[in-house]
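Letters A, B, C and D mark the chains as written, and numbering starts fresh at 1 in each.
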Amino acid sequence: MAIPTLKNLIGGQWLESQASEFLEVKNPAFDETIALVPQSTPEEVNQVVAAAKAGFEKWRHTPAPVRAKAMFRFWEKLDKVQDEIVEIMVREHGKTRSDAKGEMTRAFEYVEYTCGIPELMKGTYSEDVGRRVESFTVREPLGPFVIIPPFNFPAMIALYFCWPLACGNPVIVKPSELCPQTMTRMAEIAQECPFPPGALNIIQGGPEVGHQLITHPDVVGVTFVGSSKVAEIVYQTATGRNKRAQCQGGAKNHLVINADSLLEKNMDNVVNSCYGNASQRCFAGSNLLVHEKVFDRFLSGFLEKALQFRLGYGLDPEATLGPVVSRKSLENLLGFIDRAEKAGARILLDGRHPSVPKYPQGYFLAPTLIEAEPDLEIFREEVFGPVRCIKKIRDLAEAVEIVNRSPFGHTAVIYTENGGQARDFVRYCNTGQIGINVGTPAPIAYYPVGGRKISFFGDLRGRANDAVDFHTDKKVVVCRWMTPFA
Amino acid sequence: MAIPTLKNLIGGQWLESQASEFLEVKNPAFDETIALVPQSTPEEVNQVVAAAKAGFEKWRHTPAPVRAKAMFRFWEKLDKVQDEIVEIMVREHGKTRSDAKGEMTRAFEYVEYTCGIPELMKGTYSEDVGRRVESFTVREPLGPFVIIPPFNFPAMIALYFCWPLACGNPVIVKPSELCPQTMTRMAEIAQECPFPPGALNIIQGGPEVGHQLITHPDVVGVTFVGSSKVAEIVYQTATGRNKRAQCQGGAKNHLVINADSLLEKNMDNVVNSCYGNASQRCFAGSNLLVHEKVFDRFLSGFLEKALQFRLGYGLDPEATLGPVVSRKSLENLLGFIDRAEKAGARILLDGRHPSVPKYPQGYFLAPTLIEAEPDLEIFREEVFGPVRCIKKIRDLAEAVEIVNRSPFGHTAVIYTENGGQARDFVRYCNTGQIGINVGTPAPIAYYPVGGRKISFFGDLRGRANDAVDFHTDKKVVVCRWMTPFA
Amino acid sequence: MAIPTLKNLIGGQWLESQASEFLEVKNPAFDETIALVPQSTPEEVNQVVAAAKAGFEKWRHTPAPVRAKAMFRFWEKLDKVQDEIVEIMVREHGKTRSDAKGEMTRAFEYVEYTCGIPELMKGTYSEDVGRRVESFTVREPLGPFVIIPPFNFPAMIALYFCWPLACGNPVIVKPSELCPQTMTRMAEIAQECPFPPGALNIIQGGPEVGHQLITHPDVVGVTFVGSSKVAEIVYQTATGRNKRAQCQGGAKNHLVINADSLLEKNMDNVVNSCYGNASQRCFAGSNLLVHEKVFDRFLSGFLEKALQFRLGYGLDPEATLGPVVSRKSLENLLGFIDRAEKAGARILLDGRHPSVPKYPQGYFLAPTLIEAEPDLEIFREEVFGPVRCIKKIRDLAEAVEIVNRSPFGHTAVIYTENGGQARDFVRYCNTGQIGINVGTPAPIAYYPVGGRKISFFGDLRGRANDAVDFHTDKKVVVCRWMTPFA
Amino acid sequence: MAIPTLKNLIGGQWLESQASEFLEVKNPAFDETIALVPQSTPEEVNQVVAAAKAGFEKWRHTPAPVRAKAMFRFWEKLDKVQDEIVEIMVREHGKTRSDAKGEMTRAFEYVEYTCGIPELMKGTYSEDVGRRVESFTVREPLGPFVIIPPFNFPAMIALYFCWPLACGNPVIVKPSELCPQTMTRMAEIAQECPFPPGALNIIQGGPEVGHQLITHPDVVGVTFVGSSKVAEIVYQTATGRNKRAQCQGGAKNHLVINADSLLEKNMDNVVNSCYGNASQRCFAGSNLLVHEKVFDRFLSGFLEKALQFRLGYGLDPEATLGPVVSRKSLENLLGFIDRAEKAGARILLDGRHPSVPKYPQGYFLAPTLIEAEPDLEIFREEVFGPVRCIKKIRDLAEAVEIVNRSPFGHTAVIYTENGGQARDFVRYCNTGQIGINVGTPAPIAYYPVGGRKISFFGDLRGRANDAVDFHTDKKVVVCRWMTPFA
């Protein structure tokens, strides 16, 4: 079968790129090229922005209940192709079918949330703010918004586009060049709903395309999700052009195992948080902070579970853990482990170079656990793959101190049954999300998501009502009619 | 074809009633019996309440996002049978296909609104209402609610059940005995979504069944829509048993034609408000209050349009106006006209005993217009059929005075281009809804609906967020954990 | 000093009543008459309603920010006379100065909340609910509302009047005939703010006056707080006249002492919940449900604390527990104890006929504790004074079962440090409020208050945003202007 | 009298600056120096940030209702010194006493709005987002925020500090160096409330101090109000350090006089919008776009009113128009007029070098009106003083086109009685605020304020609920307790 080249969706048309450079999309379980992504040309980027700008006129004057109906139709059509999307995702990302299905479940809630757009777009109305003077707000869409999702949730985070779109803005998605097919297929589905030409656009390419988008004068704002380093650049670049920006960066999430926690009941949750989706998620548990009273018992339980993962191709029903997304990523991870080892950290579980006979070319790394201190690189830096740290702690105060010393501020988790300690953990951890006995406390679509410190740049968070605020402006009208009643 | 007898939906089962009495559902265009409605027995009413109560347990503990998914599924399945529902409705109600389709469009928005239930059920959370004391509200469903819809919108108003259901309550619908098949068919669709047994229930019958429901000790509350007389009885009966009640009554809506209004541009809207759906809707314009400066011009334009209606069977593509719902209603309407005539009112357009050759048995009344003064019965009382009044007015003050003298307080409409006069009309009319150049200002599902004076009994309005409040309680938790952080 | 006779505040004037009957206000620590309350005549009731109705016109058209300024002024002026109000309250009610001060602190939050009325009265606005059709809601006040507060919080609950008033309604307060001076004095303060004549009115009297108010055709709605028996009558009487009603009834609150609870840290809180304000509050703990594992330890700690109360006159700095409000109440309480004793309940602490040498005429009852089973009258019925029950329980399931078997549904409290058990207690107790380690979980003014079952009749709760909804209607405007832009 | 030198408020202490450079505060009616502003040293800026950071700990853990009480106290105390503040303002800014009083009225609403902080800080709570999983948001303050207000409303805009402060953040205000005494005096008042040390801080100085503040690593965010040029720099500088920023820039507001508008009734409003506060406000009307049908009549009425202004010192009861704020500003304005004249614009009213005998040294410029085309500098650029343009238009479409061609997007105003044209004006003008027969449509404090294009940089607007969002983060908690009920 010929390797397909992905197209751009510009103004309602699927157009072949005139690119001269192409990036390879690989199936990470086989190291096989399965698609080519054009590095779209500057002209094409201009074209897609122009198409979005042109599409604004019609879409912006489409009543919110009619926009909602298009979202409902998208929900219905996407539902019918769920299995197909899941398989596309597994092929280009490597995650297991079960992880991909779980992603789709959450992803649907994004569509579902934005189906409620007529309610969410309501402004407020006050009679008589002064005598015979009324005031009200009209929530208005603003123009072309850009979404730059990461590779790790090719369906879910790409669906962030539902927010600007439902709000009445045209939107341009630049899919991750590592896993672009999932979004591309979803855009085909969306075209059938239909959304008017120019409302939803896709432009393929790598960072250069992203940069051109966020510096383009006709782009109003950008939502980025990715590493802290790039998030910061995107935030500064976009706001440096006076645009709106909300940029989700990386994470280093601490899971605190309190002395009173129900170890056995929670162990699956802990292990899944650490290694699920091959640890490629910003809500993954990274550093385990375990109370000294239960450290040994916890560790033996954890290792037992961690050893049960079966590596393999995500569509293989036997596989419970897939490869990481790319060879580069695998090498990066091995480098982290090697440096930790050299720095004196104790490798409690070594997942390097696992034997995966059925998929010998795959980018596999088995679960790895390292006992490390907070000053080590492996403990401080984001490690996007199944390499986790563990550290013994004396009490909750020490745990919170470690959480707050991290440059990241995404998420912290406590395992405890004690209401008071959980309460104070919520209060004193300077992170954007907190889990209580929930290892990956990703808010549902109805709650906004965002970190602190280098995990998030911006003020309005992603998703939920914050994303409605981000993608609209509240025009204020002050009105006094002069002709009285009689 | 045998005449079908409608069944009850009790605890997830469609059960034949043991009734000894049956009511006839007629096709009003043919005076033909098309279905039989059992007057369900007291035992069956007890049974349906018991089933609802039993169903509460499971449904109440179903997470809101999961309940939302069932609502989405209902949306999808109902969408597929729209045409079928439309035809059922036309057959039992008599409205034209076009009116029925219009009703379905609005009806869908009810389902769409309640698909947003996870957002709508959010309570609030405050840390530190006092030092180390948190407070929050949990919105909880309450138990079996009853919906008693009227005949005139057999799909739309029956779908009020979406609110209690989406909120997590079991719901019992007693369809109108005149037009019960529409709701009954929609309940079949709902069963496939599926909702758990006992979540949605149907009990067939007339007022006796309604009375037993609203006096049953296990019923929490009732939403009624119908005449003011019955609405008042239902309100007093239900609240007399300490239940929640919101009861929508009748209407007598005034359309005010201001001297500056754009007569030609608005005439279709006015005429449709007066006679659309054979005037059987609570938002229909009833009394035309026309400024003396434009009275003659308005009247001739109105009569011209009103004469263009073609009476007939709603599924007949030529028909633009159907029969009224029942022979009894027709006779009632003729009585109104006769009494007005005797009282000296001037009949400007006489629709009595029209010739409708293809449907000689139908309950037809052609558009009728009567010039009448505010003290006449025909001007004061609700007339549920195509008999409308007109009156010349001197100015807006007189119009508002007439609006506010009515015992009803449902809706008032002004036709004008003048912002100030419209503003004051909004301010000074004591009605629950106001239209500005909109003859039937029925709020969309995202806005709450309710009248004043004898048009509404209760505090929380129907639909939108008010209906969420009506069908839930805001449990308040005050929480102080004693174990500190460290 | 002559005993003063209280006046009515009608349309901005303090008027002497023409009553022929007068009720005595007693200082319960001395059994002395300190004021006379006229049983206002039917003519005076008509007069006050007429004054309120007349006052509506001006107040309703006062912009919300201007109404807010009057509320701010009231805050300022009330603040200056806090000590005076506290002393009035102690004299007529009997509570200690410390309890009265605590009440004032909470009471101020009612005024503070309603100072935010411009924000709270906002309606919503949507452009393009259909093409070129806008929709918005205008929150409108409705007319005269009645407040009938109980005796037990003469300042705080009387200040419920802030809600209808701030919303733009005229309000009529009928103070408790047992403790009317507090509200009367506060109304004097309010007059200075000033509120326009007829905005705030006071009519003195007993139940007959209340009955006439809630049946008067010009009264729109009523907020009542008192016993379940009267609350039910008021609810049925008012709604039987098609009015709005929210009626807070009595309570029988269970405090559950879980096996893991921090007994010592919580004991003050438990004992204060049981006996503070001489147990005359609807949030008071009534029945102690104590886990068998800690029963003995809890009981001895509880008795030790309970014995430390020093009975006396509330303004006497030595007193930590005042008398009950009236001789009738005292006799009623003694009857409860006697019947419990006869029914075989074990009196663990007997507070009957305590020696209070300095105040021999006072209506004193010392803290009383009775071990009783759920079927006993003393365990089931509301007992409004310092007589509490205790019962040993096996587990939380038994406790919740007891809570839910009660005909009351006001409040349930759990003492525990366990997050999961607290969560399920919140979920499974069918009460309107829940405390976690908070014995009297009265929501602050920013949270709505209301019980279930016979503890509350209505749908919208008291205070907070619910009370704004209760005292306003959301008029919906649907607007389509016909003249386009150009 | 010695000229006072302003102090800094750092950590609760009023400290004399160690500055070596001082800026002069002038009374613009007399060209007299009335105070000296230290250009605070870099050490002092570090010190104030450190004090704010230190103050965060205590203030952040102060319950919101307690913070609200401090705001109420501030309201009360500020109310008592209103007249004093007004006079300080007139002396340093030049506006008339009447303008200053008007400013105070609006300014109080800022304090009033933020008194409602316990309501505004509420997060949301959802039970069962999944089975047995709860989710809620905690709104948290974030740390030191900076407010940099402009000179033109020395009280009102400085009071933006109420938002971060009420939210629980420490705040640092750098008053305008032209009019710093107003804010400085208000801070003295605030100290008495009291706010804890470090909660509210003042640092005096010019742009250098501002720059150091917004680049300081411990500052979380900045609210700036001033010219577009500086607003853009502040936005890019702050976001370039990953901070939050909302920066209000300049304006060039168009007032459109529609052919149907009630000229006489509106003329005072138009003229006041143009010249009130000596045109030094971002909501001032700048360019008059007058329909050709009414141009001549409008112009003669306008000129008649404009000539009635009496220039003078703001505390002089005869004065109705004060000087501009500085000599530099006056020269700048004269330059604008001269260049316009040279470019061929027609000066219809020439206010240059007016005779103001009592105040010969004042920076006076009388109302000036210039007929100009959109491409002229005087028509395009912000002119912060009483120099306005007028232009004849053919229709509303032309007016809207001119509005939208401007680089500014702050406000547009239409004078009309036509509901439809007003509606479309609202819809099609790309500005942040719209007035309908309101020349200076400044939203009240309860509505958010913000422009578009170069008039605003950021996403969340100033004031109202947007400012609460800006000054807080919505921490999301996902919670699953493991211990069940029984």
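Convention: contacts are C-beta pairs under 8 Å (C-beta built on N, C-alpha and C of every residue); 3 or more make two chains touch, one makes a residue touch a chain.
Only a predicted model underlies this, so the values are computations on that prediction, with no experimental measurement involved.
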item	value
Touch-network distance, subunit A to subunit D, counted in steps	1
Comparison of C-D and B-C (more C-beta pairs in contact)	B-C
Chain of greatest Cα-centre distance to subunit A	C
Whole-Å gap separating subunit B and subunit D, where each centre is the average of the chain's CA atoms	49
Length of the line joining the C-alpha centres of subunit C and subunit D, rounded to whole Å	44
Whole-Å separation of chain centres (CA-atom averages), subunit B against subunit C	38
Subunit D: positions in contact with at least two other chains	65, 118, 122, 124, 126-127, 129-130, 133, 137-138, 417-420, 422, 436, 444, 446, 479, 481-483
Residue ranges of subunit A touching subunit B (in the complex, touch as defined)	65, 68-69, 72, 75-76, 79, 108-109, 112-113, 115-116, 118-120, 122, 127, 134, 395-397, 400, 418-425, 427-428, 444, 446, 479, 481-486
Subunit A-touching residues of subunit C, taken from the complex the two chains share	61-65, 118, 121-131, 133, 136-140, 416-420, 422, 436
For the subunit C and subunit B complex, residues of the former touching the latter	124, 126, 129-130, 133, 135, 137-138, 221, 232, 235-236, 239-240, 242, 244-245, 262, 265-266, 417, 422, 426, 431-438, 441-444, 446-450, 452, 454, 457-461, 466, 469-470, 473-483
